[in-house]
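For reference, the structures are reproduced in the following blocks.
You will see two complexes here that share chain A, one where it goes with chain B and one where it goes with chain C.
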Partner chain A sequence: MNRFLKTHPVSMLVYFISVIGISMVCKSPIIQLISLFGAASYAVWLTKGREFLSQLAFFVTLFLLISVTNPLFVHNGKTPLFFMNGNPVTLEAVICGMSIAVVIISVILWFSCMTRVMTSDKFYFIFSRISPKLALVFSMALNFIPKLKKSYKDTEKAHKTLGIYSTDSRVDRLKLKLKTMSSVVSQSAENSIETSASMNARGYGDKKRTSCFVKKFTAFDFFVMVISLAVFTAEIIFMLNKTLAFEFYPTFSKITIEINGVIAYSGCFVLCFLPVIIEITESLKWKYFVSKI
Partner chain B sequence: MEIFRVKNLSFSYPEADKKALDDVSFSVNSGEFITLCGKSGSSKTTLLKLLKPQLSPKGDKNGEILYKGNDLYTTENAVTATKIGYVMQNTETQIVCDTVIKELAFGLENMGANPFEIKRRIAEISAFFGIEEWVLKNTNELSGGQKQIVSLASVLVMNPEVIILDEPTSQLDPVATDTFFSLLEKINRQFGITIILSEHNLEQCFPMSDRVIFLDEGKIVCDDTPKNACRKILKTDMKKALPSATRIFENENNLPISVREGREIILDGYEKTTCPIVEKQNDNEEIISLKDVWFRYEKNGKDVLKGLDLSVKKGEILAILGSNGSGKTTLLNVISKLRKAYKGSVKLKNTAISSYKGNSLYRGIVGFLPQNPKTVFSNDTVREDFLESCKALSKDESVIDEISKKLSISHLLDRHPFDLSGGEIQKCALGRVMISNPEILLLDEPTKGLDAFYKSELSEIFTKLSEEGKTILIVTHDLEFSANTAHSCAMLFDGEIVCKDTPQKFFYENYFYTTSCASIAKDVVKNAVTVSQVTENLRKN
Partner chain C sequence: MKKDLLVVFFVVLAVAVLIMGTEFQSVEEYYLTHADEITEDSDTVYFSINCENAVSSGKLSESQLKELNNGEILKEKEYVLLDGESVFDMLKRVCRFEKIHMEYQGADKNIYNSAYVQGINYLYEFDCGETSGWIFLVNGKQTDTSCGKYKLQDGDKVEWVYSLDAGKEFLK
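Our next item is the complex of A and B:
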């Protein structure tokens, strides 16, 4: 089951822009943590856990690296933990490093989710709304890359068997690559002439292009879009009116639990966990359907 | 109704001293199936492109082309783009988009059609062609035959009145060719869409054509029914391209043009005979030896070669036949050390292939001519490429003259490789491969896209080379060519060689995967699989 995958591409793009925007801009550690866990949970859902676990080591190393690096260069803060080379290593700097690490990792995770969900045809659809010509270029590029790869492989093989480049000399190996590249470039230049003839033959440029890809904008798509936009605007307002303001130096700002803050945090929670919430409700519904079948 | 009328059309390319088309006149009626034939270089493509204004070549044009009574070149672009469909030869380059559905939509989108209309037409055409399963696929995942069907469908979706096809099956294997032709016939018969087809595979398209236009050096030699056209062509050197039945019974009053007609004649009036089996005696040493070879591309992938055994003697011409994906190209890659078998032994000249260090294998032992001959060239002229090889392999430059004489390519040496025709570039690529003077030549589909003239030329070249002691391994789909050229034929199926025999036994014992000659003569002349074998042993009752 992958309900979120079937969301209208525009709603999906709006969702990812809002969630990544908030994660990058907001300084509040609570918002950052919510975003991190939201991203991680969706990544786990999408990869069925396995791939995420294999990346976990990378993320932990990244986290440690960034959290250690910050206090080594930044010596602000009121609470020195110990002194190194006569410089204080402060608690504030350590926590600030951690916060930066959380932001970076959550943004990486959101982007990795986005590349899984926003496949090339979804971008094609969005492009085709903006300009059908732009969409065509995008589609042609996607068609061209695998062709180029294949052509490179074939040409390299053919040149290898000519026996004119020795395999143990680095210079020769480089020469083989260069010769192959130059042959591939002229082959594809040659081919592109035919492709453009084929485009002309089917009336390219005669009239204003349309796009045949239409998608229904359902109530669900509307719902995702409204939540994304609403939470995004709300968080921006809360950031401007200092509800979500947070400073690390000289010492941590106090996080007070008041009504504005609760609204901000729960809004962010809904936004960040939206895909997972949708998937879980959908799979529960599906189980219910199956039990009836 | 008349679709096209061409009046006294002459055409010459800029800076060419000869006219490409010389006073050509003909007309095409609605619903006709017309085959345009002629040798390579007889300006078939030029003529077809002139019928499609968007593709018409630049040059000096005289005469008139009328489309439904009006001048074709003043007809609105949008009309000629949709009503005149054009399918090209190259399966790769004419596809524009990355997925099949976008490719099908491409033309209609250009015309600014309404999205719902486009979707409907795509649905309709994919149901008619039975290609729903691939509609969402990426175009580069398709086979050559599937790509060509998509190209045809993406033209048909625009609802054309006439479809022009320029050698559409030249890059396809026989099975895909059959499928493609039967689709063409269906479109023509069921919907009355006019078809103008240029082709050198006359065996299949003559029986379904209404008219044949035979072009020679830019002039129409004949424009008649297939049977009458065959009579005229029999007197020219295009004869080799004619259907086997026609060539066998060239003196028959009612000239046969299909296997069925040929069989009717042979069954009625001819005595049962046997063609003597000519087995080429070869007592030379074994030069290629493969024993229990296993190969797969990926660690967890499927096996492509499954315990394959093969033994080839010096001087032998072996044709390896088999369907797509049976591992033919893979086998060549394994023999040429481009890929390594994970199990089994591969020996060339009694030495394990792994003991040929560095590129020593490619300097005098193995020469490899890939399927796409363009990949062999990287310089601006054929001569530069040859010189580069000579220098690197420390051969004397006189080798170039020797090879070009042998292959008769001397006049092509100063041309750019990509400007050459299919047959010419194939020979030049072979020339470059031969500079290292390899003892074993591995050829991947050398006859793909060639006309009968170049095929017989290649056949002669291979025979000559084998007499010089070269061993030639040809991977091919071309049954007629193998029957005429090879000393033995092997069938690759499911990663194994299932049989290896002389062409006569091989094709005579096959029922379906065989030459059309063998199908015609099967019950009358035993063991005859080529035209000459049949005619030499044919005796009237």
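Our next item is the complex of A and C:
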């Protein structure tokens, strides 16, 4: 079951823009954590957990790297942990680094979910009426990374059959991998020229070309769109009236639980977990109907 | 395999050199300094740190204002001047002794003595707009050299002040 995949492209785009916008702009650590867990749970749902687990090592290293790097360059903060070459390494800078890392990881996760759900034909459907050239560039850019991955795998296999990787040394193998990578990149640069010529010949980028995408704007799409826009504007208002304001330096501002804050957090929770909630209710419905038959 | 071992060896060596070149101190160790006692024949300097105009500018956040104590970070006080000390050396020593947070940029021990004070007591440059930052006055006047280069003399009065307009409000 994948109900969210069948949402209308426009409301899907609105949803992703608002959720990524909030998680990028908001400084409140609670909102950041909600966004991270929402993105992670949807990524787990989409990939059935397997791919997410293989990415987990990358995310953990990224998290550690950023949270260690920030205190090396920022020495602001009231509670020094120890001094390094006469400069304080402070708790505030460490926690600030962690929050930056959480934001970066959650945005990466949201984008990875987005590329899975918003396929290039949907992008073309939305943008072809506004600017066909932009739509073409968008869909080609989205297609680029998976294509590069596949072509890298193929090239590596070809190299393996040539016996290039038969060396014991890890350093040599790394060097050979870099060589494969450079050949793949130059190949893709070559391909891009051919692709653009061939797409032009097929009439892409022309305003008269229509795209066929059979999709009606249903009540469900309207519901997704209204929720995204409402929560987005509400969070912006809460950010402006300082309910969600948070300062790291010179020391952490206190998080007090007021009625405004609770509304802001629960709104963000609903928005970030919306796809997962939809999927779970749909699959529950499915099971219920199946058992009836 | 030999190549691998060689690479690992060099990586370990580089990390070791990096760690050896870094000085780690605990908080107590860092603040464990004492000022020399003032005797009759010792050279002294009057030292103060002030940011009243930053506090009254209304551009600081509440949490910053809480730390700034109405802008008077260090009241004017007499300190012993060591031989050949510059304004920057003095600031570093006083901040360490009074447990005031201070961050600087640049090397203070190269031939140019090009140290630049970024922030004192959690108040940083640019916190009150593009032209704001810390400057120093000696006997009420700005100098034409950097704080790492200006050598102090007996009886000088050093003020560190926060300027909102690139030091123009302290020109006389």
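To be clear about the criterion, the second predicted complex is superposed on the first by the 207 of 293 C-alpha atoms of A that agree within 3 Å, B and C clash if a C-alpha of one lies under 4 Å from a C-alpha of the other, contacts with A are read in each partner's own complex, and residues count from 1 in each chain.
As a convention for this text, a residue touches a chain if its C-beta (ideal position, glycine included) is under 8 Å from a C-beta of that chain, and two chains touch if they have at least 3 such contacts.
Bear in mind that the values here come from a model prediction, so they are computed numbers and not experimental data.
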In the superposed arrangement, which partner chain does A:T233 touch: chain B (first), chain C (second), both, or neither? neither
On the A-aligned overlay, A:N241 touches which partner chain: chain B = first, chain C = second, or both, or neither? neither
Examine A:D121 and indicate which partner it touches, taking first as chain B and second as chain C; both and neither are also allowed. first
Per residue count on chain A, the busier partner among chain B and chain C is B
I'd like to know which partner A:T69 touches here: chain B for first, chain C for second, both or neither. neither
Name the contact category of A:D168: first (chain B only), second (chain C only), both, or neither. both
Partner chain(s) touched by A:A158 [first = chain B, second = chain C, both, neither]: first
One more residue to check, A:A197. First (chain B), second (chain C), both or neither? first
Which partner does A:S266 contact after superposing on A: first (chain B), second (chain C), both, neither? neither
Touching both chain C and chain B, counted on chain A across the two superposed complexes: 168
Chain A residues within the chain C interface of the complex: 75-78, 80-88, 168-172, 247, 249-251, 253
Residue ranges of chain C touching chain A (in the complex, touch as defined): 1-4, 7, 22-27, 29-30, 61, 63-64, 67, 101, 103, 119, 122, 124
Per the touch rule, the chain A residues reaching chain B in their complex are 120-121, 124, 132, 136, 139-140, 142-143, 146-147, 150-151, 154-155, 157-168, 179-180, 182-183, 186-187, 190-192, 194-195, 197-214
In the complex of these two chains, what residues of chain B are touching chain A? 52, 54-55, 77-78, 81-82, 86, 88, 90, 92-99, 102, 105-116, 118-119, 122, 138-140, 154-155, 158, 333, 336, 338, 358-359, 361-363, 366-368, 370-372, 374-378, 388-389, 392-393, 418, 432-433, 436
